[in-house]
Every structure is written in structure tokens, then in C-alpha cells.
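A single structure is presented below for examination.
The first chain written gets the first letter, and so on, giving A, B, C and D; residue counts start at 1 in each chain.
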Amino acid sequence: MIMTPTQRIVRALIAWVVVAIFAFPIYFWITVAFKPERDIFALPPKLASFDWNFASFQEVFGISFGFIEGLEVLPGGGNFYMLPRLYDSIIVAVFSTLLSVVIATLASYALSRMRIRGQHHFVFFVLSTRMMPPVAVAIPMFFIYKNFGLLDTYIGVILVHALMNLPLAVLLLKSFFDDIPAEIDEAALIDGASRFTIFRKIVAPMAMGGIAATAVLCFIFSWTEFLFVLTLTQTSLKTVPVVSSTFVTSTGTAWGNMAALGVAAMLPAFIFILLVQRNLVRGLTLGSLKQ
Amino acid sequence: MNPVDRKLWLANVADRYARGKMDRRSFLRASAKLGLSAGALAAGSHLAARSGFGFISPAQAQQQIDWQGDMMAWLKEVGKPFAGQTVRLATESTPPSNAINSALKPYFEEATGIKVEIEVLPLEQVLQKLTLDVASGLGTYDLYYLDQSWMAAFSQDVVDPREKYESNKDLAMPNYNFDDFLKALVDGISMYDGIMCGVPYDIPIFIQMYREDVFEELGLKPATTMAEFLSNAQKIQEAKGPEIYGTTGQMKSGHYSLECDWTAWLWGHGGSVFGPDGKFTGNDEAGLAAMEYWIKLKENMPEGVTSWTWDGQGQSVAQGIAATVLSWGEFFPSWDAPESSTVSGLMNATVPPAATSLRTVEETGYGEIPGVGHQGGSSLAVSKYAKSPDAAWLFAQWATAPETQVHITTLGGGTGPTRTSVYDDPRVLANAKRGIAGTTRHLPAVRETIANHMGSEPDLPEWAEISNDTIPVELGRFWAGEYDNAKDTMDFIKQQVDGIIKG
Amino acid sequence: MQLDAPQGSAVGGIALRGPGRAPRRRRYLTDSPWIWLAPLIAMLLVFALYPLFYNIYLSFHEFVPRKRGLEFVGWENWQKLFDDPRMWGSLWVTLSYTSMCLAIEIVLGMAIALLLDSDDRGFGVLRGVLTLTLVIPPAITGMMFLLMEDAQFGLIPFVLKGIGAMDGTGAILSNPRLALAGVMLADIWQWTPFMVLIFVAGLRALPRDPFESAMIDGASSLQMFIRLTLPMMSKVIAIAVLIRGIDLFRMFDYVFVMTSGGPGTATYTLSLYAWQQTFSFIHWGYGATISLFALFIIVVVANIFVYVTRLRW
Amino acid sequence: MSEVEYDKVAKSYGNVKVMEDISFSIPDHKFVVLLGPSGCGKTTLLRMTAGLETITGGEIRIGGERMNGVHPRDRDIAMVFQTYALYPQMSVFDNIAFSMQIRRRPKKEIREKVEWAAALLDLTPYLKRKPAALSGGQRQRVAMGRALVRDPQVFLFDEPLSNLDAKLRAQMRYEIRRIHDRLEATTVYVTHDQVEAMTMADEIVVMRGGEIMQKGSPDDVYDRPANLFVADFIGSPAINLLRGKAEGAGGAPGVRFNNAVLPAPESSAATGDDLVYGVRPVDIGIAEDGPVKGVVLMAETTGAETLLHVDLEGQELRVVLPERRRFKNGETVSLAIDTANVHLFDPGTEARIV
């Protein structure tokens, strides 16, 4: 589209305004994290003119931002000490992402390259496992996990998150493999490579961008999942979304702490996204332009 | 060590401590090495002043707690065989649980060698956890946090603490004294069908709280009757509204809190949820009078009230936009905390207004006890499926022992003690100061309310569904204007409730 | 050019077949995909099919608190399901929520995608910022909007009242006519950027030539959008609708956190209802029945959708 | 020995038969081109030879051994693809070395072999580059290199030059043939470009619709096309094919087109029989007083040659003159035809009569 300079400026302006509207709730949430408790409910809402302080963060992470206020390091402790929970979240998200990407890569390579009877139906079946209401999965899982001792373990949560992400991952990755010409496989076949060598040395590296995009989506969905973690964990681990309900207490909600955790929890995921942003955008077409 | 290194090292040590990989003493020793005492850590922090909603600051958690009596020594003695066992508890995020989890637990762990894992969750999620645990007979939790409204549902899955106490004298804490628990509480929150389902653990209860400054300015007195409560609200609203509303509420549709508010007004007008025949009676004359009263009262509440649970209600008072309220006493300390409240030092507390008439227990069903002071107490029960029942029993005794309750109370989460002796403890009385986070100056009102004004919900297995869904959902529709009048609402609820009970 | 092969072992070529040794025969062309699919299938069997069958089993039983166990009840739960006005109400709420959110997120997402589909400086940053909404757990998003939509203290009613777009009460989540919209607001805020990402990716992948020739033919922007962009994007849009639609239909977190289904039953979704029956009322059998019914509906709808849009994998 | 033999080879996809009963053999060391329009089955046949498609009937033998079901890597073949199918994430070196790396040949051997191939193909300066940084011709040569280092018994080429520009194509034709001559492997080369076929092949197999139309040397298929299809397909500009009737059998044989009669070689055709008269444009000359007159429609000069489009009784005739000459449109010219190079075809069976 050819645009005049004025049109470009207008377009950029509108774009900035729209994104600002979307970013605003995040800014608001950040202010809540930095506000003194009292100001959170002040009317009219205080959006900038309050004492920025780190109290909420100090409680949530058990560290003092002493370099700012000349305070000593605080020991962790208390109900709202969330650093280990952030760690739990990262472990769960990273490993469930790894697991689902590995499984889905294998499966979608086969779906893309080998002839399978009723392939369309199989893929639809895979997709349909995502259609189950989470509560319907949670109860049976609870009993399986109980029997296999997976309750309240990292492995258990990682497995169920991997499952949850498989349909999307298979769908995405298959489209990426479909984009890679089959002749590459054939050339390698003639060169003497086995299927697995072709997959590992040739095709998977070529689909790396797509795999990265898939990984980001899996990471996000695992990072934000609530009901499975709630049902399948007890005291040994908890991820951020579930632990955020700890702030809802019988004498009120600790909004500042919740916001501090929310803001802090955005960072790891956002860093992950930034690292692969280019691939993400390409990846999300789901290969659907190829008929 | 340069200052930066020192901080990093300390943070690391603190982190290990917090994850339970280091006991308290080693932690203190490690801190001392750096020329810091735990006290210094606390004193140096401005956080000490901060103790808002249901939360004990880490700084306070590090203050040395002075355990009087010989309870800890006894624990050390009897706890030996159980060292290394783990006790698990899923609990609502209430003041005693928070105080124990963030401050007191290490002392118990250190004395006994028993590890305590506390899962802190919102009320409805605790119910979910317990349900699964009970249904699967799994015993992942050794201790159940039982809200009084679930008592009937879980009564078969817990061990009667009196039997437990008697059956194994070696584990029976000396001077535990069951009789020290407030009598009304034991009946109201721990007894179902002759079984004691746990020891009284916490007692949030409706008391009357009000803004002294506003009352003084308008020449009002705390209400002694229902009518006065309404007229107080109306007068304030007229004079101060809409900056300051007459009163406020916790009336979120579909939420248990709405049911709590309703029962207070219902009982206050001589009504009851059930009749002696076990049928719903909220639609009788008294019930409708209560609704009429409530409608008038709501005219003096802020607009957001129908979307608020206790959080919104508490905030509305903390922000100074509501001048009087009948609600949970455990709010009071947070309203007195200068960091989280704009009304610090301005509030006062007294007993609820008297009911126009009250039904007796005999005139109601399922052990319902009418009273304006709606209680939301909870007890701590040892699960029948517990993996370490004895260790759990030790913990339960310790958590509800007088000495521990004193510390919980003075740590300042706003809890209502369940023992007579705690109300009289000098350390508790000493904290009855105005405008501090850990104030206890509302406790006399709490105690008096428990004794004379307490209302308890009925106990029946279906109550969890009725009180968490049927009643608050239909009341929510009523307040949302989906019913023509209160009678239709109540008639419909009756139909639903009676249907549920019949099966 | 040197045509002589280097001296040494290589000259004879790579020894592929020793003399006299028969070549190995294998079914390499009909390579069995099942080894590759095995981990996936194993996962699905354990984590999807087992829950499915378990739910079917549950739907013919009911948890009896007295016995602390299940009791066979036959078709009772299904009977109850079809006679339950709450369930039908929830289904209606779920369907309206899904369709409205979907429509808005598609249209808004497409509009913003068109806006942001530019190589000008700064647009990459804008797209990056937009993805921020995705990394916040919906449970926290719900709390965030709960705070912002509070009738008394909330920012949104404050602003709306300020500009006169709202009457004095300011109630959103406790107003039966607005509550669903209030929940939708959180969903739309969080997931429109997801749509934008998908659509931007789709737009970037479009070939330029048809647009250039259309421009030479004198087509207007709108004509190009309707006649070229939309048809070429139809596959992308279809997949986005499918994936988002599935997730919307199962939505739980927002209503759970923001309204508990209220006021009354104005925002009760099937997922929430199933959750409540299962965990709050301990009616596992009925909860499972509701879940199965929800699954049935979404599978049927998705199948029709896939058939109509001719999506193929 | 590395002759390739096709014995009653058949291929079908489900119920769709794409070829049936294909039998021929390719002698050792020969360069054979499979030629035909797209969809004729030549690529399928090549892929079956490589082992990339299953053989549904008959058998393919390489060096006398049955190949059905043998893994491509065990067939001692190498293949160059139309799209080259290079591994994009590997350097040129690794692309060429891949087959040896998989077989775990010694490092030294691999290096020597790759350098040898690179020198042969002028790729030495590019060994460290990725395929994306190469031109089309260079990529094509990398694909060749990958095949070369295998030292296969049989080279398979699938339209390897179709993505190159005309000049490069001409050069690569020469290179490929040279390499073939040097390495003495058997080569099967698929193309739809008859120029490639004519210039490179020892033998051409012309295919259409899954059937073999003719197999023979380039001279054979050019000079003695078996049927109308082969005649039409081979040669550029294409042969003139005119429908007419036989006349003057015995005395002065000819073929009549309305009023004109073109001279024809003797044949078994009786007067009045329908015939297709084929004569290549280069076999028609301009004579001062030739027996046939035509009207110039258009003349194209390409520098060394002149291509005339001549109207002959309503049918267009192409004439190539080996010189540059100017004609006016509408000018009448006389044409001379060498009957020795005229072919007659039966329009029914399409087979060549003479």
C-alpha cells in the first residue's frame, strides 16, 4: 500500500494509541504493585501521583531493595513469599514445553511425511482432546496420579501440561513440516540417511523457527494454566496463577502483593517471547496458507 | 565481605531458611555472623509497621517469640518419635493460619522435628481439596481446616479430638483444657450430631463496628436495636452521602458472603433458615420482614456492594466511605493499621444490635442457632485418613493451645481467639491500643458477641451447596432486580432448598 | 577442471554392497508412522481417553457422601441434565459468551492486525508490547479487571461516569445486563492480541502481486480487503476461529474469579457449573455429565465448522 | 555391471493406473534421457528407479539385481533433483559430504572427496557458504557434487536444469555430459526439453501418458520418428504437420492440400487416403520456381537464421532458412521440399508410414 507521509503519521499515531489502550491495564497493574496499600482504592484513582515503593515486592520476594532505601536484606518467609513459586512455574513451564514439543515434533513429522489412513480424522481427534472441559480431565487425573504417586510432583504437572499443549503443538508443527519440501527428505534418503537421521539432522533443524514459535505458545499456556495445577498439587509445588489466589484472604485481598507477583511473573515469559518474536509471528499462521 | 557480597549471601541464606532447608537457629546464627541479629533485621525494616490484610510481615515473623510455660519443652519431649514426619494442612488464608505459617511454625518444627506443610487457599478451593481427599480416602492432608458450614459433610472423616485426647495420654498436652474453649463456640463450630469434629481454631464473627468521628459529629450512638442500626445508617447517609455511606455489605451474587449477611438480618428479625420440620422457612413472615429491612438498609450502601465479598466490604470501610458496618470482627485490626487504612484509630467496635425477636434452637432445624452475630468459625480436625495422625494431633493441640493463640493474636492478623484464657492474657490486653496494626481493642466486643449474640448456621450435609450456591445465587438475582419482590425470591429458594434436602 | 578422482580408498566409491551379498530389503517407503506417533498416542490414551471413559462411567454414577463412594444411578444424571434449567441457562451463557467474544476478537484482531502490518519503524515494538497481555495468567487478569471494574473504586466506572457514558451506579459486574460484558472485556483484552499475532503473521505471508495488480486496476482499499485479503486469509481465520472458539467454550478462569457466575446466573458458564457441581456440591456424576455434554456440543460444532470451512490437515 | 532394466513395470495409485507394462533396458555406461511432456510418467519412472516410489508391478533391476523394495541408499544410485533439495542449514561442504558423513567415512577421505568434487564443479571458493548465499547455477552444481561423491553406478537426474536461465543451461548440458563421459556411470536423465535430450543423450526414451512412444538414439528419433507424437515433440521449431490426401500413387507421389500438391516419398498409401504430411522447417527451402507457392505471413530473423511463416492453402507452414533474408508480408514465395526428409503418418494410428 502506498501512503502519503501524512497517512503514515496518522497510521502510526492510531497504532500507538491502540497499543497504549491495550498496554494500559498492565501499567495500571504495575502501579498497583508499587502503590502503598492505602492508595490502591483511592478515588479518583492514583495513576502516577503516589509514593512509589517496593514494599509489595519485598514481601513477595523476600528481598530488600536496600540499594534504594538503605535497608538490609530481608529474610524470606511468610505466606506471601513467592520466589520458590516462581521457580516452580519456570520448571513446570520449561519442561512441559520441552516434552510437548518433542512429542509433537515426532508425531507431526510422521503425520506430515507418512501416509496414514484417516489422517484427517486422527488430527481432528488429537485436536478434540483440547475440547474437554478442564474439570472433566482434572478429576480422573487426580485418581490416576494418586495411584501412581504423581500427585503433588513436578512430573505430574509437567505431564498434564504437556498433554494440554499437544493438540496445538501437533497442529502447528505439522504445518511447518508441510512447508518443507519432501524432496529434501528424498535427497537425504538417497544419501543414505535413515528416517530418524533425516528428521534429526535435516528436517527438524529446518523447522527450528516453527518449533520455537510452538514452544512459546506451549510455554505461555503452561505458564498461565490454573485448574490442573490447583487440583493436582498440594504443598510441594504451586505455579504462579494458582498461588495468586493465596492473596485472597478471609480479611481481604492483598492486591499490592498480587500485582507485584503478576508483574514479576510477566518478565520470564516476556523474555521468552522476545527471544523468538520473529519466529512467533511467522509460526502463528499455522501454515494455513499452504493448501 | 564487601557489602554487595554480604547481601547476596544473606539473601541466599534467607531463601534457604524460607524453603525450610535450614532451621531457624542456623539461620539466626548465620545472620549473627554478619553482625546482624534477627531483631536488627526486623527493627531496621519499615515493614514492621505494615501489617494489613490477613498477613504477617516477614519482619514481624523474625521477631523472637518468647514462649511462656513449659509447652515447648513438653513438645520437644513427646515429639521425638515423630521427628521427620510431615504434617499437611490445607487451610483458608485466615489470620491464625497466616500467623502460624509465616511466624510460628518454625518453633514447632524445631521443637518436635515434625515438618509442617501448610497450603493456603481461598475458602472454596479448600473445600475442593478436602472433598477430593475425603472421596479418595487418600490422606494427603493430615489435618482438615473445617469451616462451620461443612461440619456435617465431613463429620465422618475426622477423629473426635476428645477421644483422641483421652485415648493416648502420652500425647495429651498437659493443661490443654477443653473447657477453656468458649462454650458457645464448641457448640457452634465444632459439634455435629454429638461428635466433636475438631477443636475450635478461629472465630470470625459479626460485630458492630463504626466510625467514632462520624458518630460524634452527628451525635449518634452505636445501635442497640435493628431499627437504630437502620436509622443510624440513614442519618449518616443523609448527612454525609455520597462521600460517606451509611453502611456497607458483602453481597456478591453466588458467593457465600451474601448468605452470611442474609442470615444476620434473618435471625435479627426472628426468622430462621429452617423450621423444626427441616423445611426452609426463610419465606415466612419474619423472613420477609428481614428482607424488607435489608432493602431499606441497602439504600444506604455504596453501589459496588452487590459485587463485593468481604474484600470489597473491608476496603469500603478502610477507604472511609462507610461509617458503620455489621461484619467480621477480624477486619478491625486492618482498619486500625495506618499503612493500609485511611480510618486508622477512628473506628470502634461493639456488640451487634439486638434482634427484634429471636427463635430458639428448638424452633429451628438442623442445629441452627439464631443470633445477629453470625459466626464463620472453623475448627482444626485430624483426618481419619491421616498418614501421621499422631504428629498431626500434636500440631493441632499446639496450634490451639492458649500460649500459641496468644502469639497468633498479638502478631496482629485480626484473629478472634477461641479460648477464654487468651482474652484475659496480659499480653493480649496490652495490645489494645488505638491505631496499630495488631490492635486487640475490639476483642471485648468479640467475646461478648460470642457469649450472647452468636448465630450459627444449620449443620446438614447439603448445607455446603445450599449456602454457597442456592441461596446466594437467588439472592443475587433478587438484588440484580430479576425478581419482582422478596416473597417470590424466598418462595423460589424454599422450593429449591427443600428439593435439595429431599434428594 | 580436474576430472581425476583423488587417489586412495575413495576412488572405488563407497562400498554399498559387498559382492554376493543380497541387498537388504525393507519397507522403507511404507515406514510405519506408529513408532513416531507412539508417544503422542500413549499420552492421549492415558490423559485423554482414560478421562473420557472415566467421565462416561461417572455420568452413570453419583457420589454418595454417606458411603464415601459411588453408586450406580443409571440414566438419572442424563435425565436431570435435560430437565435442569440451570444447565440450559449455562449453555446459553456459554454460547453467547463464545460467539460474542469470538466475533469481537476476530473483527478487532483483524482491524488491529491491518493497522500493525507495517514495516515502518516502531511497529515491531508495538507488536511486541501487544503480546504482553498473553503472558499474564487469566486468573490474575480476572483479578485485575475485577479491581478495575469495581463499581465503587474501579477505574473503568470512574472514567465512564466521568464522561457521562454510564449512570450513577457504576455497577458492571453486579448488573445482570452488563456482567457478561464485564467478563468479556477481560477476555477480549487478553486474547485480541493473540488474534492480532495470528493475523499479522497471515498478512505478512500474503503474496504482493495480486495487490499490486489490483491497485493498477484501480481497486479501493476496502475492495482489496474484501475481494483479496479476506479470501486469501480465510484459512488462517478459520483456524483461528476453531482454536479460539474451543478455548472460549471451555472458559473458566474469568467467571470463576470475577463473578462466580453472578449476578444470579447471568454469567454462569458450563465449565463453571461443572466445576461447582463437582467440587462445591460433590455431585461428581452430575458434574461429569455436564462436562460430557459440553464436550459433545463442542465436538459436533467443531466438526460442522471443519466440514463447512473445508479445513484439512 | 550397471545396466538398468525395466521389466513390465507398472504403477498405480489406488485404482488409478499411471503406467503399465513398461519394459526396456539401459545399457551400462549409457546416458539415457526420458523425454516427454509433464504428466507422462517419466518422473514417476525415475523415482521408482531411485526407490522413492513403490513399484506396483513388474520389476526394476540395476546391475542385474532386483531393486523392488530395496532402500535407496542400497541401490548404488545418486540423484539430482529439479529443486536441488539442498540442506539449507548446512554449508556447501556439508551438503556434499553428508552421504559420507552418515556412513562414517574417515574425515580425511571425506575432505579429499569433497575437494575433488568441488574442483570438478568450480565450487572450491564456496565450500563454506550456505545454499541460500549461492546463485541458481551454483546450487545446481552443489546438487551435482552431492551426487558425484557417491561414485554411484547410476546417476539419476530429475529435470536438473529447468530452473536455470538459457545460457547457464547450455553450459551445464555440456558439463553434465562431460562428467558422465569421464565417470562412465550409467545415467538416467529426465527432462521435457528436447534440446537437452538431443544434445546429451546416447539414447532417448520418449514417453506419453505412461507409455513409451519411441526409444532410440537422437538421430533415430529425429530422423525416424515412430509416430506423430514423437515427430511433433522433437525438433525446434516444431515439425510442420499438414493434413492432406495421398495423390498420384506410383508416378509422382504427392499429397494434396486443396489446390496444392506437395511432393512426397513413395508409400503404400492409395490415392485419396488421408495422410499427415510431416516436414521439418529446415528441410524446406525457397526456390526461384519451386512447385509450391505460398504467401509470407510473417518473417522472423534470429541473426543467423530466418523463420518464415507461410500460408499454404489455409495451413500454416514454418520454414527455416539458414541465412538472413528480408521478406515482405504478403509476398509470394516458391517452396522446395526435399522428399527424402518428408514423413507420412497415418492419422488414425498416428504411426509413421514413411
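FYI, a contact is a pair of C-beta atoms (placed from the backbone, for glycine too) under 8 Å apart; a residue touches a chain by one contact, two chains touch by 3 or more.
Please read these numbers as outputs of a predicted model, since none were measured by experiment.
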item	value
Chain pair with more C-beta contacts, A-D versus A-C	A-C
Reference subunit B; chain at largest CA-centroid distance	D
Cα-centroid distance, subunit A relative to subunit C, in whole angstrom	14
Distance between the centres, which are taken as Cα means, of subunit D and subunit A, whole angstrom	56
Cα-centroid distance, subunit C relative to subunit D, in whole angstrom	53
Chain centre separation in whole Å, for subunit B relative to subunit A (CA means)	36
Residues within subunit A bordering two or more other chains	41-43, 139, 143, 189, 245, 253
Residues within subunit D bordering two or more other chains	51-52, 71-73, 99, 103, 150
Per-residue overlap in subunit C, given as positions that touch at least 2 other chains	28, 30, 152-153, 279, 284
Residues of subunit A defined as touching subunit D within the complex	181, 183-184, 186-193, 197, 202, 205-206, 208
Partner subunit A, residues of subunit D touching it in the complex	47, 50-52, 71-73, 77-79, 81-83, 85-89, 98-99, 102-103, 146, 150
Sites on subunit C touched by subunit B in the complex	63, 65-66, 68, 150-154, 168-176, 259-266, 276, 279-282, 284
List of subunit A residues in touch with subunit C within their complex	1-2, 8, 11-12, 14-16, 18-19, 22-23, 25-26, 28-29, 32, 40-45, 102-104, 106-107, 109-111, 114-116, 119-120, 123-137, 139-141, 143-144, 159-160, 162-163, 166, 168, 170-171, 174, 189, 195, 220, 223-227, 240-242, 244-245, 253, 255, 258-259, 261-262, 265-266, 269-270, 273-274, 277, 280-286, 288-289, 291
Touch list for subunit B against partner subunit A, complex	7, 10-11, 13-15, 17-19, 27, 31, 36, 38, 40-41, 44-47, 50, 52-59, 61-62, 88, 90, 92-95, 98, 101-103, 117-123, 125, 128-129, 132, 136, 138, 140-141, 204, 310-311, 314-315, 318-319, 328, 330-331, 334, 339-342, 376, 413-414
